[in-house]
Amino acid sequence: MVMEIVCPAGTPAALRAAVKAGAHTVYCGFNDETNARNFPGLNFDREEMRDGVAFAHAHGSKVLIAINTFPRAGNEAIWHRAVADAEVCGADAVILADPGLLDYAARNHPGLRRHLSVQAAAANADIINFYAETFDVKRVVLPRVLSVQEIAAINAEIQVETEVFVFGGLCVMAEGRCSLSSYVTGLSPNMNGVCSPASHVEYREDKGVLDARLGGYTIHRVGQNEPAPYPTLCKGCFGASDKTGHLFEDPVSLNAEQLIPQLQKAGVTALKIEGRQRSRSYVAQVVRNFRAAVDALEAGCPMPEGMLARLSEGQAMTTGAYKKTWR
Amino acid sequence: MSQSQASIPLFPPILARALRVVPLAPLSLSLTACSRNIAKSHPKLFRRLGEYDHTRFVLDPVDLPFVIYLDPNGGVPRVTVIRGNGDGAARISGPLAALIGLVHGAFDGDALFFSRDLVVKGDTGAALALRNAIDDAELDLSQEIASISGPLAGPLQQLIAFAERRTGVCLTRPEEAVAW
Amino acid sequence: MDLTVGPNQFFWSADRWTGFYDELASSPVDRVVLGELVCSKRLPFYQDRIPEAIATLIEAGKDVALTSLALVTLKRERKQTSELAEMGVEVEINDLTALPHLPEGSKFSVGPLVNVYNEGTLAWLASKGATRICLPPELPLASVETIATVGADLGVSIEVWGHGRLPLAISGRCYHARLHKRTKDNCQFACEDDPDGLDVRTMEGQPFLAMNGVQTLSDTYGCAAYQIDALTQAGVSALRLSPQSKGFTDLCDLYRQLLDGKVNGAHVAGAIVGIDDNIRLSDGFLTGDRGVEWSGNQPLTTPQV
């Protein structure tokens, strides 16, 4: 079986670009706080979602709808409606993180396939089996804290499919278990679907030095002509004891392209690309690249050399937790 | 270290100097008319701006001797071209070719930003909304400009054609930039 | 309102650990959760002290619970998690992984590192046997109120973060090890030198976060001193105090007096910062625009260059 490429789409145009570029599957979200990329100008209204799913299906691609924030107490109906609408739109699956919402979907929409979002950070076989038994989850998106060996060990102990991130932004914290962003800005991935939101970003340029601030805290300071990473909290430059630097993570992005053969051996079903906030041009380039890689793998050819560095944050790459020394 | 997208060409200084004498009022009118055509044919573009649909954007092609105000005005946009720095809620600066390449989907905004070919100041959320809305609209500026009539239609089309020729090749064939 | 002492988040020596719980036995708290929350590598250093600490606390009339790890990935961590219930006290799950390992039908409590954001998840946990939930610190007061109302109907007590550096994130990577240019497997227990976490400052010198091995905490100490009336009205039945290395029993006394109406919030806040001049307070998650805000009069967000 050729490995499934799961691509991001923040807009209908990006969805079409991804499908045309060879995406087996596209994931996207509604234009509200129900999904974890609730950025200005992004995402799909109901009509766009229905059309997008129809377009993808007509071209033999699948659509997954991410409803992967944690419903706000007293307002669960918004999330319940999103699940119902996903089914009406013809989604091939919904990607959920909140146990309450999984329970709701399993009881009220049993025919709608459920994937466990990376935001649930299910990081071992016990909890994955528990999610599978309790909510009949068919696929788990693994958190970015595991090595390839650990992924292989997990797959040996579970029945459901696994999907792993291979490219794009990298959470250094266990996903869905981080409130750094709301501590500083009041808006968080779990509650609002945003991390280090642009609305709280401020750039100050002075004498060739660019300060990137978030909620009044300086996250980066770069000189003229240096790459300017987005001020994502966990990738900032800070000081502790007598040291200064990127204490949590460098402004790198994930590229596990060369690990695809190992991930296949580890039993992974699908390869996920991060970046619903990126442009249709980005999506098309990345998808083409990864599609070529899995097709080459299937044909027994060597992995093509990557061309993706330029699209990355700070233009540096990491294989993240897939290699154990990252920890 | 930094690998700026050095392949993005700058507008030729000689031509840029020539633009200093172009009367700006007719240019503003032409661009406003053009943006209203776009609003009609792509109503979703302005809807995507959401809360930013009355935000004044400053688009600053750093290689041209003017800046462009874009006021979405709730879907009835106004475009004003002025000399000098201009002032607005959100400013996006970069070479003309980068700005147009962004519109045409030839570039990824984040990538241009990381390489600092593109600089955002002011309300970053608004700039992001505009970027995303435009990316979704799949505009073809040369076609939109072609629909403009009047004395500026010719020069504007040439401007776009120039920039498009550049952006169309610069991702893969950077040496072309030198040839100019 | 009750006082619960949460599990110590930091790496303390076995003797400091034992001394802490011995002292706690005579302090006016109702409930103590202990055990290792953050890093499984720390546990062997004091594991053999746990049964005695439990016995001492129970003897002193406290309810006692044992926490699960916050992030379970390794085989030995799964084994540790599956054996939690064998200690014979209630388990507080801080990773849902612990849930399938609990004996069928047993009651359990849920710690602040499990994502309980709404009444749906509360009801689901209640159906599995949860009787007490300490909510994630990130929740605003409106959510706390909604959840506590439903909790009352379902027989689930609701607790909120009352005091201590806020647990903001957990990771697969150890930041203390990274700071010392070591891998996690060869960390040499770098976190042991920071009994309250290691201060992280911005490049302008502004206090920001604190690192604690694989955990990231706030620089500020969450403090519900000004929120007691609001929390009581919301139906919250317990405040969680998170252990710190200095003045913790004094702190328990202060909060007890506050709950009993003997002192006011300002008095408590003043006394807390008096314990250590490196303590800054926040309560913004409950009522502010963002977590770091503080409704007391202490200026917090100005850079201390």
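Lettered A, B and C in written order, each chain numbered from 1.
We take it that contacts are C-beta pairs under 8 Å (C-beta built on N, C-alpha and C of every residue); 3 or more make two chains touch, one makes a residue touch a chain.
Computed from a predicted model, the values in this text were never measured in an experiment.
Taking A-B and A-C together, the chain pair joined by more C-beta contacts is A-C. Centroid distances from chain C, each centroid being the mean of CA atoms, peak for B. With centres taken as mean Cα positions, chain C sits 51 Å from chain B.
Chain A and chain C, compared by their mean Cα positions, are separated by 29 Å. Residues 70-73, 75, 77-78, 81-82, 95-97, 99-101, 113, 115, 117-125, 136-139, 142-144, 146-147, 166, 168-175, 177-179, 183-185, 198-206, 208-209, 211, 216, 218, 284-285, 288-292, 301 of chain C are the ones touching chain A in the complex. Residues 10-14, 17, 39-42, 197-199, 201-203, 205, 210, 225-230, 277-282, 285, 309-315 of chain A touch chain B in their complex.
Touching chain A in their complex are the following residues of chain B: 1-5, 48-52, 102, 105-111, 113-116, 119-121, 123-133, 135-138. Across the complex, chain C is touched by residues 70-74, 76, 97-101, 103-104, 121, 123-127, 129-130, 143-146, 150, 153, 172-174, 176-180, 182-186, 188, 190-191, 215-219, 221, 234, 236-241, 243-244, 247-249, 321, 324-327 of chain A.
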